[in-house]
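Structures are listed in the sections that come next.
In the two complexes that follow, subunit A is the common piece, with subunit B as its partner first and subunit C second.
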Partner chain A sequence: MGEDLKQLIINYVKREYLEEDADQEITENTPLISSGIVDSFSMVSLKTFLEKKLQIKIPDEKATTDAFDTINNIINLLKEFIKE
Partner chain B sequence: MAYSTKAKEFYTSELKGMRASGTFKEERYIQSPQAANIKVEYPLGAAPKEVINFCANNYLGLSSHPEVVEAAHKGLDTRGYGMSSVRFICGTQDIHHELEKKLTEFLGTEDTILFASCMDANAAIFDVVLDKDDAMIADRLVHASIVDGIKLCKAQLYNYKHSNMAHLEEKLQEASGCRLRMIITDGVFSMDGDIAKLDKIVELAEKYEAMILVDDSHATGFMGKHGRGSHEYYNVVGKIDVITTTLGKALGGASGGCVSGRREIVELCRQRARPYLFSNTVPPVIVAAARKVLDVISITTDRRDKLEANTKYFREKITQAGFDIKEGVHPIVPIMLYNAKLAQDMAHDLYGEGIYVIGFSFPVVPKGQARIRVQISAAHEQEHLDTAITAFTKIGEKYKILGKKKEEIIQMYGL
Partner chain C sequence: MSHIGSYDERYKNFNWTIAEKELDYGNNSIYNIGYYCSDRICEKGLGNRRALIWQGFTGEVRTFTYNDIRIYSNCFATFLKEVGVRAQERVCIFMDRIPELYISFLGILKMGCIAQPLFSAFGEEALLTRLDDAKTRAILTTKKHIHKIRRLRAQLPELTKVIVVDAGDKPLENDEIAFDMDNVPNVDHFDIFKANRDVPSVLHYTSGTTGKPKGALHVHSSIIAQYITTKWVLDLTADDIYWCTADPGWVTGTSYGIIGPWSNGITQAVYDIGFNAQKWYAFIEKHKITVWYSAPTAIRLLMKEGTELVQKFDLSSLRHLISVGEPLNAEAVLWSEQAFGKPFHDSYWQTETGSIVITNYPGMKIKPGSMGKPFPGIIATVLDQQTFEPIRKPGSVGLIALKPGWPSMFRTYWNNKEIYDSKFKNDWYICGDRSSIDDEGYFWFVGRDDDVINTAGHLVGPFEIESALLEHEAVAESAAVGKPDPINLEVVKAFIALKPGYEPSDDLMINIMNFVRKKLSPLAMPQEIEFVDSLPKTRSGKIMRRLLRAQEWGEDIGDTSTLEND
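Moving on, here comes the complex of A and B:
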């Protein structure tokens, strides 16, 4: 997992949520939802992407806005579902 | 009694949190009919103040139109006050059916079903027509009522960057394995006043065999040459499969909404839509008045023409005054201030000048996109618009933002 996964999510967030000409930097600690980059409605794209890419199922009750607020939080959540 | 101290304290703390974060909403009491000039009690207990209303959805100025009010009176006299029943038991009168027919003709669709509100229509429609094997592909800025309707439906959700057709196409490709696909958008987006690119959406829908649903609440009655809506504006009448819209804005502004579109979809709504099956519909008095509204706007386009002229005039003058506005053609005119406190303070000062407008900030609009939303009406006369321009200019000077662009305003006031 680790770096590869982090980069995978960063790339997806940039492509999926930022406009093509945006110069905003996204790191593992950038607030995504509380900053308004991703809202609770569009968060579904990220969840579906991770589920398909990693072949897991994240239950809705675990997919909270807190759990998805930073890439670090997301990686911590994913650890529950990915077998090393 | 099970309303425990714990429950009371919990709710009190929730409300306190809203007040502290600035999201607590307060009502202002209007002591006159809805119109361009209104009398408002604000703050509560203050002497009523005469102001010009620039924040109503009274686009065509029909909320208190004499012919509409007279039709409402007649409806009350001839069909009574309430129905005391849902539609399919004994809650349907001839005038409900007639209004549905008039809406169908006006919108250029195949059939229409009334709901108690467009909120109800949006809450109902997705669960009626889509299931877990289907896809809902929604613009990310759709109205909250659509978001709620989507949550009630088991279909798979995809959403695309606001009005980004390339991203929509990606999502249509992603959803290609689904049984049915529906593209979901507002016709006009209520915060920016921008219009969905329905011509492009129709092209993509045809290419990927997807249905289209448009919530046209901020367009029905005045967008397009005859005011039919955003589909007429983009010359795609007959190509939108489902239109949801409201009687609560341009069409008299009382309440009520509808689903209008493909015959089978409307018929399924009559069988399955839960807000339709388990709630009374629009009361006779509103139905009678709404029929008159459709007559008034079908006979002549004077009102939508006046709204268009007023909008053009206001947009030109406010830009010349030095304000930074979101460009467009819609009577929603967002005056961009970026900073939430600046938007609130200016709206407050404008109220002092007799101009009733509201400042909007996060979470209603994205962070750093605070603005005052001005809504133009056919009820406004040029003197109303000129008074507003003068007041805006005075307050704009006070805050030294006239002629300033986004970066300069942010530099002065922060985000």
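Moving on, here comes the complex of A and C:
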């Protein structure tokens, strides 16, 4: 699950939040929110994307900017909701 | 003892000349904001005082003294002059919160140009609308944001100077110009543009219910109100380290993130980072922030992280907290008392007012949930919505209105005098918000008087969102309204009827959300989309946005027949 999920999120972030010709590398530890790549408003589209794709519901109180700040953080959060 | 002392005494005896005298405003016929925020502080012998402590999201810290910002802003002004930009032309600043943003703002003013700061998260459509309307001559930006501008150049013939402040060795395209303030010769003296009081200085765009965003035009003498409100409301003193979390793409970030603190000769800290509770607290601890000006949305996000996190940091340096952008709910005031040992003080104002007009003052009794009382020199009331006469009965809800004449009041909407004129009734300026006044003179916010959506303290126009939505290939018609949100006060919800051949789906919903985000801004992105077969309309075919809004807020709209005839 981990690698697929990681790639799914990386692809989404690159496609939706970066310029096409941006030379920025996105890894599992790249700060997303604190670096400004994704802001707390844009985060909602990422959250919605993950909820729909994975058929889960992330409660608002769990969807903090810290929980979405890196892909690793997001994966750790998602693990709480994905049934293996 | 706070600067303001007794509010009642100050209100009774106030005259704006108090601020002018403190500023020596107009001495030697100088009225330019750029001078008062840098050169004047140096002339007072404070050139070595820190003006800016800047920290990037990676932790890098840079510090600039008042002498530094004086010289660097001279460099920007000289450069603009050399490349052929002329006084009163609009110069846009389109960058994240880096030192160049703050310093170039002063340089633009010293050169006599009109500074037009725009939020760096704006998408292409939002950017195009504002640059086209202002016929902007030059834009200062960074490598990160240059792509958006490149895609718009062909549609902006007046935009002849595109300046990249961090180009480094990255090649630029066509006629783009690199300007690195750290690698140009120091300019110790610049012949500052001789502005008079009423010469335009700053153009900030704001949204309305209908039409495109409007540019609220301010003038150099706005500094009189920005200086004294900073001193009396934010209560800044020489020893303070002040942090304003607002982005200068919005009016708070210029009035109180540049002009207010620097005209007072204060050290301010800037953190170029998105919201992150831990990092924010660490920033306060590291730089020993004493006065903190933030927004209710940020405070509610901090509440969400809990008081346990607060206790992991030494935040004892904080002595005064203020909030702006949207009503500060009583729970947030009470929480901040519990978490930081002091309450956030709500302040009310808007792009058009240029400075704080109604607020809670240091030392004054706070009624949690109240906006506070009018600033000395500001005559504020609530008006009857039909007669536009002041309502005398305490507790009655009316339109917030101000007597024109305070120094930082906007002077017009750029290219839109008609809408400007429509903002005045019976010699009152109508703010567009509703409130009541209690028997002790405290104002209590009720809501907007129009369909504009206040999301996280930023006004978003439904018309702009609906126009963007209609550009999506699947959208036949749409309505954008504000829906209640526990963190952001309101968020955008869109009702969408699809064109034949399109079916509602999760993928389409996310696609439309991102479409609007990229075109306009993250703030304008619908956080919820409801697909409908058709939208409720008046007999003349107008979409009944108010009905949809009332539905979201659980309000009883009553007899809809009047709406149908609207």
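Please note the rule applied: the second predicted complex is superposed on the first by the 84 of 84 C-alpha atoms of A that agree within 3 Å, B and C clash if a C-alpha of one lies under 4 Å from a C-alpha of the other, contacts with A are read in each partner's own complex, and residues count from 1 in each chain.
Methods note: contacts are C-beta pairs under 8 Å (C-beta built on N, C-alpha and C of every residue); 3 or more make two chains touch, one makes a residue touch a chain.
A quick note: this is a predicted structure, and the numbers were derived from the prediction, not measured.
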Partner chain(s) touched by A:S45 [first = subunit B, second = subunit C, both, neither]: both
First (subunit B), second (subunit C), both or neither touched by A:T65: second
Touched partner set for A:E80, first subunit B, second subunit C, both or neither: neither
Partner touching more residues of subunit A, whether subunit B or subunit C: C
Subunit B versus subunit C as contact partner of A:I33, first or second or both or neither: second
Interface residues of subunit A shared between complexes with subunit B and subunit C: 16, 19, 35-36, 39, 41-42, 44-45, 48
Complex interface listing, subunit A residues touching subunit C: 16, 19, 21-22, 31, 33-36, 38-42, 44-45, 48-49, 52, 60-61, 64-66, 69
In the complex with subunit A, residue positions of subunit C that touch it: 57, 96, 121, 147, 272-279, 301, 304-305, 455-456, 486, 491, 506-507, 509-510, 513-514, 517, 522-523, 525, 527
In the complex, subunit A residues that touch subunit B: 16-17, 19, 35-36, 39, 41-42, 44-45, 48
Interfacial residue positions of subunit B with respect to subunit A in the complex: 138, 140, 142, 147, 156-159, 161, 362-363, 366-367
